[in-house]
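Take a look at the structure below.
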């Protein structure tokens, strides 16, 4: 069987292909030469499976979609508070290239140009590299291939960068920029000229969807708190000024670029990227917006469509051994707050006796910090109740694991071996 | 074992008990008499398990926390578009009791007083009941018990309702209200005087967390799209004016009331309510805010903390029968877009032959529309490949289920019976 | 000869009669019944000469043109500072019936409804009269006849006074109004229903043009500082929101009313009133605005058209008596700063000797305080120089006049008698 | 006698000398080195008499006080409409160096930096001179001496002109500036570095006070309409953001500069300049503001203090000749609308007969266009009544004068000659 998803995506872009409205970005001469008929769509699942259709190998400049990634990089390097000192997180109610600072002189958020230029200025020096090159390397790591600059677009933008220079000088005046604004603005424009395909974008986005871990490599590229911050800002400030409307009707944190790209990321679920160069009056890709609205509506891809996933933590529970004295819990999935609550609620049913409880974590894919803490608290209570607790955790997810009462836990590699041993021991006892 | 959650909640309110700042609501004389030391916290899981600590049986007036529920009621009755004609969804950047309309004369959102008064005016007449009584009945249904009005608070507020009358007359001037504003404002104030405990609030909130279905009764009280709308508006407009800050640091759709209550709802996960009468300068409970921040931070309860739940859809897969000719998939959990994608990806591994595939949906708790459509598309493709498809769906989740190609599906009640039959048949064939 | 002014005014309204655009005020039912073709124009010189043409005997309701007069009354009764505590003086950039307060909760100025309602609330109680009746009496004094209320318009407005009630309740909320807003709003609406003709209006305006003195009676009705305040506020806040445009293109402090009246006052020069019921989108009389623009342009009636009047203070200077020992100055006109400066400059030419100087103030029409002070200082210096100073001041304008050095001045009734006496004395001396 | 005015001015600066608050401009390094104790005050009457006290020979940079003069120059060269296309006339409600454009992208007014930079950009090329040099020459003409640039201040400002560059680039983006903003900004900064004394300023201001004519030379340097526009904009936009407060409490069109200068101009009366380098939070000289407030209050120098000058137009009227058949009117002062109205009203008293009327215009200082037109209309009517009209107008003020009915007027050089002739003729007739 072929999964129908590519067909579905193809169907979506066909439906959107009809809308021929909008215009090419005209303020950057080089962008005005783009082929207006290009159309591409890609989607990555949170575990890194990528589907794509249309002109999915065509490169275009990333433009403003670079903003969340540079923001992520700088948050990761400097910490959230240091960045908040320079750039706020509130919607600006302004067009993407407006000039306005908050009362505290900070740019209102990192998704408008003033905030993005400031964010670029915060990139820490590294190995004498230019700031835009540092960004390019970081984005290449996210994309899983070497991205490159579009020198023609860069040259074209630099020549008429009046608005960004205006912003840069204003930021210099109020002390938000601390060095020559011309260099910083040029660096920012260079960052915007990085070439990507929709497949690159969804791969980059999948790291955000997956809480900062590259699903292809398993490597953590960004802290969980950084990802939360980036997605929050994309949600409240990413798409023009009608933040409330975007949240209620689409409900996907997103960012678009004037070359016609748009990237949406639904945490824990998918990243989506579309590309079509014709823009609406807000500077967003007409078809790109259409595609995101359609996917949200048709696929139930909306931040407020919560999945009641709690019921799934206990894969199976059975009693075995002599007199069913052995209570075995096989867990599965992700151990976050809601799942931990569910697990503990189930464990409440264990009678207060001296029986042995085995908990198998082998199939747990992710353990959040709070999940671990709640789990360990439960373990303590079971031991206090008189139980013997045995854990199967071959990947040592609870490596430093001592319980709250500082008990060292007995951890085993394999559930079947363990049960065999236990039964064996029982038999011997008898 | 006792689950440690109540202890954790008790620990949270103890920690917050220290902060004695803030002041009682002074603009409503009756509220100024509240006991400032009251402190309560409750939490409901998405499946309706309620934990609570502190003064959890103390009733207080719901005040502005009534806004999302009346909004939900009106959305459910009139549809989203009809309500959007009268009230917007954009953050207002204003205090809870400011007077300001959007350019189109609509109140900016239903969480500020102008929007809430307008929402109240939209309640359709029913059985000659007063509008506030209709709201009371609806909220009682959500809370699972008969709620009642606090007549003293109502009388006290009506006497000095200058600001709400000012708002009401302004709305009448621009034609947003179509009848006498005094009656509507009084109705709205009455709605605000409904008495609740934190346990009531989280039960009411659990319906929102659970996508509109009361987890205690399994009855659908609100459409999924209504819930999405309500939670979106709570997220972008619910907590004072710093919408971006609330989203990034707390990330829980929420609404507070000047009697000291605050209610947060994390879709698919939990609802949380706190009660402590002392307010900050925004009119929010000082300790209530503190509690929500703490729970978000400590429990990872944040909208952007996506759960990568996709891996959990296939509970088990095994081959059985003669020559392992029978491929059995036992599914589990929720079948939404992400899970459907995962399932279809797994099914791709089925070789193109004429074997029989059994899919057991018994343990699927919820099937979203999009999940159903994708699933049926996959079925079609497997049949096209030559497979025989047999479904176990005792609850008839796919009741009307014909596939996209209009094939009638073979649906069975019990997986074990089915497999036994199949094996039996095989044996006979041989 | 007949003065051509009435013909000129008739010509102006004929020229404006062509413009038939605009619409009748629709928000007050009674006003919608007005005859849209009415057209009247009146002008009063600063000395009270009134010219008028068109429907100059037709009464219409004064509406917002009552605002500057009630403001004047309250300023006169309470003093400027007390009124500034409640109402500001800054342009609001808003339509005449917007709802908005400054940061300090004060209405931005007394020409918008919030400020005018507040101003009305400040009218001090007098003889158990209603506040609107007090205003009516004051305006009647200015108009020189008993004005009356239009009860039908009043009744009509009160019925649908939603916006003013909205404003009233908001002002009550913030404590700017201190009693029941319904009574105050009704009083304000009653004030607006006073009936006037364009001739009444220019007579009322002539008191403002003339610095607070009724030119017909010579009685001071308003302090000079009150008039300055009222005219300043009319200039910066009187005509819709484009204060800078009105000042530069028309340059006449003005106020209009929704019944179609408009009143302009150019201090020291003229007051002008027009009446034509059709309104533009700002609520100003279309033809009324046209007329004021035309008069400003054609007649040079503009605040920035300063008259260099200084040269005119010394009507004549001659020497007489034996050896021309008597130096006689006949003054004329107004003695303000600029004229006093000019006079003193001329007096500098007097040689330092012991000759006698006669100054005739008979034809001085007005002596400002600063003019008096500078004049007396000059007298002192002339006396110090050795001169004998003799003043002719039959009206005792310098009644309390002692110089700065506390010299008592010799004041005479008639210049010719005086000179005759002096010559006589000289002859005797010889 | 010495006129007491210098003593009065000395008294004013002594009184203001006490206030030592404020701080030197710090954003331009060179200005921070100024002597903070400098204090000077000058005043020019409308006829060009200059009084000054304190450090009245100390030069300082004109800074923002250059704005009204460059505005005047550009208005004079291009006409008001052409300039209005690029720069508005509305108060901005912003600090002097804010960045903000109106909805139509135009700077809100020429007194804020964006408007002043735009104004500078409009200076037409002349003889290959730099734009700042053209301004310098124009200002030198107004000041009556060669002004020069302060090269050190210029160099200092150019180095840190971040805010002005920000503004320049923004104006370039929206197309208000049409060439390289760096050149224009540098030209503007150079314009601001012109050195003046308070005596220069009041002489420059006296041209504005005198309606565009240099009172020292009698040459018209600016059109009357240009002056009206410049003063209107100084009134509504010149002094920080509280335009209404400045108008009501001071009532003098004014502009200040960050070097500590402030210039006020009261049309038809005086120009005033003060200099004291310490600035308040708005960037205005602390003592300068104090001085203007004091002069307004003490001297009655306020735009709304209208002078009722109408009574002064007829210097004398007498009948002479046989049977008093000759009616002689000697006029004096300025012939504007109000004076013409008064004159015509007096002429109405002439009986309808065939007597001869002589009108002597010798002492009329200024004849406004409207005054001339009304006067000629009156003449026509008198001739229609049967009178013979004879005018004495040695300066040919009514040079092209034909009446409205196209009658050629009889104009004479000298009143005494004329009357002698007339009497002579009468005698001969007899």
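Labels A, B, C and D are assigned to the chains in the order they are written; within every chain, residues are numbered from 1.
Rule of thumb we're sticking to: a contact is a pair of C-beta atoms (placed from the backbone, for glycine too) under 8 Å apart; a residue touches a chain by one contact, two chains touch by 3 or more.
Small disclaimer: the values here were computed from a predicted structure and weren't measured.
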Hopping along touching chains only, can you work out the least number of steps from chain A to chain C?
2
Return the distance between the CA-based centres of chain B and chain C, expressed in whole Å.
65
Taking each chain's centre as the mean of its CA atoms, how far is chain C from chain D in angstrom?
24
At what distance in angstrom does the C-alpha mean of chain D lie from that of chain B?
69
Of all the residues in chain C, which ones touch at least 2 other chains?
none
Name the shape of the chain contact graph, picking from line, ring, star, complete and other.
ring
Which of the chains touch, listed as pairs?
A-B, A-D, B-C, C-D
Which part of chain D faces chain A closely enough to touch in the complex?
99, 162-163, 165-170, 172-173, 181
Seen from chain D, its contact residues with chain C in the complex are 1-5, 8, 45-47, 49, 88-91, 93, 109, 209-211, 224, 227-229, 231-233, 235-237, 242-245, 247-248, 251, 253, 266-270, 298-312, 315, 332-334, 336-338, 341-342, 344-345, 347-348, 350, 352, 365-366, 368-371, 374, 377-378, 381-382, 385
